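Shared chain: subunit A. Partners: subunit B in the first complex, subunit C in the second.
Our next item is the complex of A and B:
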């Protein structure tokens, strides 16, 4: 049994997804049995609503992490977009959708700037986006001072056509913002896994010089992933602003760690070259349901939720690198041996990713 | 290979659907929801109610001691208080905490809001679900809640900060009326409602009555972060070594600023630092002679009062402006109109208004050991 589990785990993303689905099922069974309220669609959707910004942004941060980068600035772009919408609409009397468009363009420009520094000036993504997170949240606070509303009070009173994004429920149950997420999910999936662009994103991480030689403008590709994640932050910020009914410069500031956690838990390698939209999607559901179910069914107070979630994350990741021979420590050893001996004794072990791994190792 | 994994995937999905049905069946015979049990209590009885007590942020001495007060008082009053909150003070986190409370099926919510606009919809939904909403410490929009238990109007608290400062300056032989006083503010954030309103009220008094005071720098913020409060505090002293007065109207900024002053070798004879924080958190600095006085209100009483009025209204009682509510062990408090704390705010006919905390406290070396929070 254990051997089978191990074999299953060793098979890469698909089996990782199976594992995440099992976790989801386990959550439904345990939480549902403990407190049947958990299974009420109304409550489930309300709880998911609270996590939707993480859901949306993590899809596109997956792109960034597939290229081997990281994006710590998205959360600050949420605040920047939100306050720009508010100030643009209230103080510069733009039409509400005009304000949304302006804010989105601004966020994408910020994403492009960081992406440019990372891709063309070859500065570490961690450093650039960390700096970006301070810079953009600072700009957000600056923009809030342009408003007649004191910055500590959120800008509210948005028109109904805007609040519609968050208040409409299809058939009275499924919130519109959830449908927006479903649409983004489909777009992200097709873009990363079914298009040439997606293949280029993977290749840029796997072997940048080989990709360059085959005519891929890898720098542009890498930069574009930061624009995409900024765009998703802008969309999430629009939805969040409509949902909360308030535009604030510090909105979403607490999202960074949740987003990174979800992407990593979803099976994207922090070193790049491997990642899956479906995995990210499943992981975000696992996290959101855990955050909703634990307090509801086991009366764990919200403030202590980070403990079980931290344990889950570490346990899952450790279990994975121990079981999957192709990953973690063993993979480094394998790499070392291949470099010295020329042959890869474990090459056949991870059949599914076999082709990809060979390319990677050839490059190193 | 891919085919097989896809099939596995499908299998798992089917299994999950099956399990769902099972879970649904099993669940219906399981635990009963906890909202029942108060049927035998007549209207007007607070006993048996459940109140969700929501702080701005957890792990902060102010909110934790408010919770201690709410818990111990509610035990005497016979209802239960669920303390739920998030470790980050953000609107979105607080909205999900409110939704959680609604899902738990509580009778009432007593909340200190992070942002009044941001929690507006969530509180509206809670009210629609038949839950009584009261606020304490930091208010919601008056139309989103029933009663607010306020520590005092911005004018009362702004004036209190100035009085504390003047007393501290006087200890050092500085006449607040005539002598030059350089001062600066150090508190949590530019985006937090209550602290900014006190600062604005106090600035107004300073402009009108103490033109000899100079604000040497725009406000410093340390985001309710204990370490940041110390580094910001040291930065202030580096930039303005001869500053006379630092006002820290935040319970994290004050101890941080005092620690910074001690690190730099300042004491209450060289600099006046004052503000709002609990007596226990400042006690050691006062013993060292770094601070002369500081203030606060009894947050334990405030938290308990917030929960009491929540349970009181949840029990079916009705109040109007001018009525008094008798709270066992605390006393009689009057319901005042909303515009006593927010200018121009309207008050609904029934079950809407403000209840002021009976008293505010000033701490010095003499009385600081009389309080347990």
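Our next item is the complex of A and C:
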């Protein structure tokens, strides 16, 4: 059993996705059997609406983590975008879509600033985005003081054309915001897995100097991933603001942990060079159903949800690192044997990964 | 090695200079700030942050990170607060609190050092679990009505207007600093963080040192939790939330590198004083507390960027010097 699990974990993303899908199926079976309400489509979509910001942002944080970075400022950008939309619309009397555009540009500028400092000044991503999370949430608070409304109240009363994002349902079931997510999912998938840009993102992490030597502007690529994640945060904030009907400066402040959890659970290595949009998508569904199903079927209070989810994260990360350790050792051994035998050391999938590990160790 | 040592000294010195400049600048804007009681208030409020930041410094020094310190502090504060409220003696409450810190440290150490999980992700998960346990333990209620003597002890002064807590923590940090820099075993921490493989090759017990770093981090956060109880006087289920990020920021301000091996606990303590007193200083500067986060962020980003640029220049210069030396040596041989 243990060996089989290890083999499953080691085989890479494809079998990891299979594992996530079986987790999803398991959730549907268990929750559905315990409480049939769980399977009602309208209820299911409503529950997923609550998790949509995590869904959207985690897609593009995957890009950042594939480059070996991390982005803990996206949550503060959600608040910044939201309050900018509110203040721009209410107090500067911009048209609502003008306010949305202005807020999006502001968020992207913030992402670009952090990305620039990380890529061009070579400061650790964790430190810059930590500073960014203080700075941007601080700016959001300052923007909220420009408003005539008290900041804790939140700005409401948006026009119907804006609330349309949250209220419209295709065929009466599928919410429009869900379709927006599907579109983002398609864009992220194609961008990371089917375009030259995506390949550059991967190569910039695996071996930055090799990428640089083959004519890739790795700094620009790395910086661009932070702009992308900021853009996704802005979109998510727009949808969330329309959904909740209020713009607040501290909106989404507690999203960081959920986003990182989803991306890691989806199979993206926190050291970079490995990751998949499909994995992130599956993991976000696993998490969202857990958040919806546990309170509904087992009456676990939402305050205590952190315990099972935290345990899941810890268990996954330990299992993966144990299997990776085994893999590293075996691949190193096979490499040694094949080299002695004169065979091509870069054969199978597992060896390729071992090779990547080595180059990364050498370059760091 | 000589230059590296000088650089380290300069780094924790420069954060001290920065703190002094900050205090003087506030004094220049508002002269009434420069009274002993106001200045020492800055130091007194920093006690909890300092303990957490020094704990964090241990894990950063060995090249890992522990973002569960906030929930650790919250859990210890909740347990100790409840025990004291229910009339248990102080000594047993503190003992239980520190034991909790040790256990949490051991769990984190098991995941990171023994199982080899990425420390940020593992401790992030631990943070979630611990925060959930705090809610479970307190049922989401506040812990209030702590004994008056325990609360009042936080304002007892020892030297001038500095509280007993600050003086004790000051001595503790100084002792840790001396152990880390002057003893052989203390220097293992930086050695492991600088290059774990090299440390293993020269025979250092790398894994044991990482375990020790996490346990010490857990204990220091637990101490922070106990003092938090005493200083604040009540505990909410969200107590300590966000302290992990503030502690990382304090360490970075104090010149500790997240890559491991570089920095001193003195630096992290100074960083903690800066972090803790910014909101207090802003009041004297005439700003509203709304500027808190923005200014913290600006200070943090500016300091790390300047630091990175300087370091990049130094390493470039060193590399050029090495290359030059090699070229001239090659000429000699020819």
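Heads up, the rule we're going with is that the second predicted complex is superposed on the first by the 317 of 364 C-alpha atoms of A that agree within 3 Å, B and C clash if a C-alpha of one lies under 4 Å from a C-alpha of the other, contacts with A are read in each partner's own complex, and residues count from 1 in each chain.
The rule is short, and it goes like this: a contact is a pair of C-beta atoms (placed from the backbone, for glycine too) under 8 Å apart; a residue touches a chain by one contact, two chains touch by 3 or more.
On a predicted model such as this, the values are computed, not experimentally measured, just so you know.
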| item | value |
| --- | --- |
| Fit or clash - subunit C, subunit B, common subunit A | clash |
| Partner chain(s) touched by A:196 [first = subunit B, second = subunit C, both, neither] | neither |
| Touching partner for A:148 - first (subunit B), second (subunit C), both, neither | neither |
| Which of subunit B and subunit C A:134 touches, first, second, both or neither | second |
| First (subunit B), second (subunit C), both or neither touched by A:209 | neither |
| Touched partner set for A:34, first subunit B, second subunit C, both or neither | first |
| Which of subunit B and subunit C A:246 touches, first, second, both or neither | first |
| Touched partner set for A:306, first subunit B, second subunit C, both or neither | both |
| First, second, both or neither for A:21, with subunit B first and subunit C second | first |
| Subunit C versus subunit B, contacts on subunit A by residue | B |
| Segment of subunit B that clashes with subunit C, given the candidates 3-11, 39-47, 57-65 or 291-299 | 57-65 |
| Doubly contacted subunit A residues - partners subunit C and subunit B | 141, 301, 303, 306 |
| List of subunit C residues in touch with subunit A within their complex | 65, 111, 115-118, 120-122, 124-133, 135-136, 140, 237, 245, 248-249, 252, 257-259, 288, 290-298, 300-301, 304-305, 307-309, 312 |
| Footprint of subunit C on subunit A - complex, ascending | 70, 72, 117, 121-124, 126-128, 130-139, 141-142, 145, 257, 260-261, 264, 270-271, 301, 303-307, 309-314, 317-318, 320-322, 324-325 |
| Residue ranges of subunit A touching subunit B (in the complex, touch as defined) | 8, 11, 14-15, 17-18, 21-22, 24-25, 28-29, 32-39, 43, 46-47, 49-51, 53, 141, 144, 150-156, 166-167, 240, 243-246, 248-255, 291-292, 295-296, 301-303, 306, 351-352 |
| Partner subunit A, residues of subunit B touching it in the complex | 1-2, 5-6, 8-9, 12-13, 15-16, 19-20, 22-24, 26-28, 30-31, 33, 58-59, 83-88, 90-93, 95-97, 99-100, 102-105, 115-121, 189-193, 196 |
